[in-house]
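Take a look at the structures listed below.
The two complexes that follow have subunit A in common; it is paired with subunit B in the first and with subunit C in the second.
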Partner chain A sequence: MKRYWKPFFLSFLVLLVLFPFTYMVLLSLMSGWQFPDFLPSYFGFKNWATIMTSEGGLLQSFVISVIISLSVAIVTTISGFFISRVVYYHPKSKVLNVLAYFPYILAPVVFAACLSFFFIKLGLFGNVTGVVVAQFLIAFPYALIFFSSFWNQKMKSYADLTATLGGSRLQTYTKVLLPMAKSMLLVCFFQTFLISWFEYGLTSIIGIGKVQTLTIKVFLFIKEANYYYGALSCCLLIFPPVVLLYFNKRYVFKKMV
Partner chain B sequence: MKNRIPHIGLVLFVLIGILPFALAFIYALLYSFGVVGVVNTGFTFKFWLAVLQSGEFFKSLIYSALIAFVSMAASVGGALWITIQFRQNLEKKFLSFIAYLPLAIPGVVTGFFIFQLLSKSGFFARISYAFGWIREATDFPDLVNDTFALGINLAFITMVLPFFVLLFLNVFKNERLDELSILAQSLGANPRQVVQRIQLPILLKKARILIVLYFIFLLGSYEVPLILGQESPQMLSVLIIREIKQYDLDKISEGYVAAVLYTIIVSATVLFLFLPKRKNALI
Partner chain C sequence: MFLEIKDIVKSFHNEHVVKTLNFQLEAHQTLSILGKSGCGKTTMLKTIAGLVSPDSGSIILNGERINDKKPSERNIVYLYQEDLLFPHLNIFENIAFGLRLKKLSNTDITERVSQMIKSLELEGQAKKMPNQLSGGQRQRVSFGRAIITEPSLLLLDEPFGSLDAGTRQRMQVLFKKLTKEYQITSLFVTHDLKEAVLMGDKIGYMHKGQLKVYEGKKEFINDPNTGVQHEIAFWDGLKVNSD
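And now, the complex of A and B:
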């Protein structure tokens, strides 16, 4: 008797979760929705059609975001995997681990503001390469911390056994370590892709508005009070992660606790 | 030859993981003391004194900490309740996917969505008008860009709560809390004691580092308070960037003072959390 409220509450929770997605899609299909009207003057695919034109620059932003996020995710996952092995088998691994946390925990936008001088000097200010490098700097500590659970005594024993049986360093990686780390590599790739995909503050500082990723576009449209294009940008921003999360969800939390 | 690879790895770790942070901190420190900077002339304490005397940084720090605390308390409390009440339902295929969906929404979208719902011409204002509860937009209460940071808190809760639900569900499974609960019941514990003495302590113990980390993340949050925050006081990151990016070149150094103070607070927390301790080490 007491538990009859549960299905209703669960249904309410499901609606609550789906509401932002539905609202953004509906808002992206509207235009001329003036207060206090409850229904918009136009409802259709007019806004979505502009993705294919250069009017909003959304397709270009989407492509730039994909290129940046893929570059960050690939470089971070590969470098994080190999460097984390050195860090976590080092005699001072606990101290190195603590040092890795500093850039990870600092607000990326503040980190970027303090680093911008060096990016100007290196010619990395206001271009895609600079944004990739800056995002790599905040995603790299995540990868290091993420792979820390992989490099345990068991893995060391596997690598030692391979060496004892005559395996080269390359064979240890290609035949033993990389196959065993496959699922973790995949999760790290997805996670660092999302870190880059969701990043706004750091991108706005290093990209100075010239590198217009989707998050930058959302803000631009909010500033212009163009909420319909803002919602459209939000849709482009949230649906790729939904697909990634679907494949990713089995592994994410197993690695966190 | 064999030992060269670990050395290269360590050098790369220092170059990517440590050097940029150290350079950023040293540059901010030098700027805050007037050693570097376009209009600065030499070493001075005046920017530090100005920041410490104005009290804006500390006001912002307390404001940010309060928002982060309220959001974390509501999120962790809500997540614990949902996990304990609905864990069996949330393990079903459809609901388990639904539970992951909020993770696909970045802060910038959450901020925009909450603004769309709660602003004076937003979704709820239109509903209120349709029901005749308000006559014009200004009659609708300030729920965004407001003094009590209602919009920011709501945005943070919608971002953090789902994450902790998923985390607690996995702790439940990994720590075999169902088996432990059955064991406790067979030893005479009532359902209330099972929750209070077994489930809650274990869930909180396993998640405590992430709770502190999330608190720090919220403290330095930028996008959400930028959309939903008020002019004064502002949350830390918004205040720091406003000061550093302002047109008054004389004031930029004060922004770097705030950045240095914020970095020291965050770094001290990291040291407290993760530096190996003799007894009861957290990790």
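And now, the complex of A and C:
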């Protein structure tokens, strides 16, 4: 009896998970759906067509978000990998690792408020560079903590072995350490991209409304009670993570298993 | 002498791990080194390989002082107890690794690696990944990867420590065969008395950072500090009891 209900229960769970996403896509295709109307007054691609126009500024926000998140993810992953190695070999590595958790003690908004003075002084307030730097400050400790598990005695042995086999420092990185860390590098890139992509508090304070990422845009539309544009921007918001998730699943997790 | 170690001293945080180390080794010979855990064997090997800097003393290889040379320039390969095969490379590429670092031609690499695979009795395994091999096979690949680079000196830090008795015996035979075939000079650290006697042309015993190299196997066997007499007494006792 239990077995008989299992597929139905699982299907129900899948439907439950998929429903918000499906509803969001449908909502992005609607407009003018007032209570007590059973159906919306319009159903089509009108909202989606506005992406190409400057009316909602969605395309611009999408491009800015992609630029910011890619910059943050690339810089964070590369610097996190190399600096985590320095931290591992540092005599005070334990203290440095504990310090890496510091940005997560504070809420992003409080953290941004603490940083705002320095950002104003450095001329980084209200521009894309400032937002990239601010998000880097949140994402970098994550990368540092993430890669700390990669560096261990065995990795040191691999590096030493490569040296005794005649490998230079550069060859040790290119032929051994980087290929061995490939999966971790991709996962870290994916995670830091997501941290940056969905970041709101820090971006809204450092960007002071001038840097309108897609996440900021979603909140703006929701504040305006423009659910149709809100849903549309949400669709755009989940598109890059879904693409990254697909690539991760195909090229990283498969190999890890 | 091919290898001369003169007055090497190494301390970590005021603890003398290696104390005035002095020994010599002729070319194409193997020196087995026995000693308890923590007596300084690994530090000694790493110092010779250039992975650890000595506080004082000289390392002379083939008439040249190599203290200031980087590990990559010494042509001394250090092998760990673990095989440390590169998981992202197949067996062929693992063996070819050192040759690729030296930027040899592909034809040369293919020829030499194929020959080495044959010597290691690993025919048909070239395309396999390390995780598809047994412990003994992995250790053989590790040997091949080191020996193919024709090192001036091979340092082995308990290379068969993690293998079962049967595989260990086969590896000992293979090691003897390869060192003869490729004329390898090596330092072979082990915990196993029998292995030390079988592998070494000379035997040394390390105790609290000091190494004593015996003139002959007889002297080693007769020294009560090495534990050989204790071992002989144990087996003799067992024989008497069973009779």
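By definition in this document, the second predicted complex is superposed on the first by the 245 of 257 C-alpha atoms of A that agree within 3 Å, B and C clash if a C-alpha of one lies under 4 Å from a C-alpha of the other, contacts with A are read in each partner's own complex, and residues count from 1 in each chain.
Definition applied: a contact is a pair of C-beta atoms (placed from the backbone, for glycine too) under 8 Å apart; a residue touches a chain by one contact, two chains touch by 3 or more.
Quick caveat: nothing in here was measured; it's all calculated off a predicted structure.
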Message = Is A:V242 touching anything from subunit B or subunit C once the two structures are fitted on A? First, second, both or neither.
response = first
Inquiry  = Between subunit B and subunit C, whom does A:L165 touch in the aligned arrangement: first, second, both, or neither?
reply    = second
Inquiry  = Which partner chains sit in contact with A:V87 here, subunit B, subunit C, both or neither? Use first/second/both/neither.
reply    = first
Query = Of subunit B and subunit C, which one contacts the greater number of residues in subunit A?
reply = B
Inquiry  = Taking the superposition on A as described, I'd like to know which of subunit B and subunit C A:V176 touches: first, second, both or neither.
reply    = second
Request  = For A:S157, decide between first (touching subunit B), second (touching subunit C), both and neither.
outcome  = second
Task = Considering only touches as defined above, state whether A:N97 meets subunit B (first), subunit C (second), both or neither.
result = first
Message = For A:E224 in the superposed arrangement: first (subunit B), second (subunit C), both or neither?
response = neither
Message = List the residues on subunit B that touch subunit A in their complex, please.
response = 5-6, 9-10, 12-13, 16-18, 20-21, 23-25, 27-28, 36, 82, 85-86, 89, 95-110, 112-113, 115-117, 121, 123, 125-127, 129-130, 136-137, 158, 162, 166-167, 169-171, 174, 206-207, 210, 213, 216-217, 220-223, 226-227, 236-237, 240-241, 244-245, 255-256, 259, 262-263, 266-267, 269-271, 273-276
Subunit C partner contacts - residues on subunit A that touch it in the complex = 154, 157-158, 160-168, 171, 175-176, 179-180, 182
Ask   = Where on subunit A does subunit B make contact in their complex?
value = 6, 9-10, 13-14, 17-18, 20-21, 23-24, 27, 35-38, 79, 82-83, 85-87, 89-90, 94, 96-103, 105-111, 113-115, 117-118, 136-137, 140-141, 144, 169, 197-198, 200-201, 205, 215, 218-219, 222, 227, 230-231, 234, 237-239, 241-242, 244-246, 249, 252-254, 256-257
Key: Residue ranges of subunit C in contact with subunit A within the complex   = 46, 49-51, 70-72, 74-80, 82, 84, 86-88, 97-98, 100-102, 145-146, 149
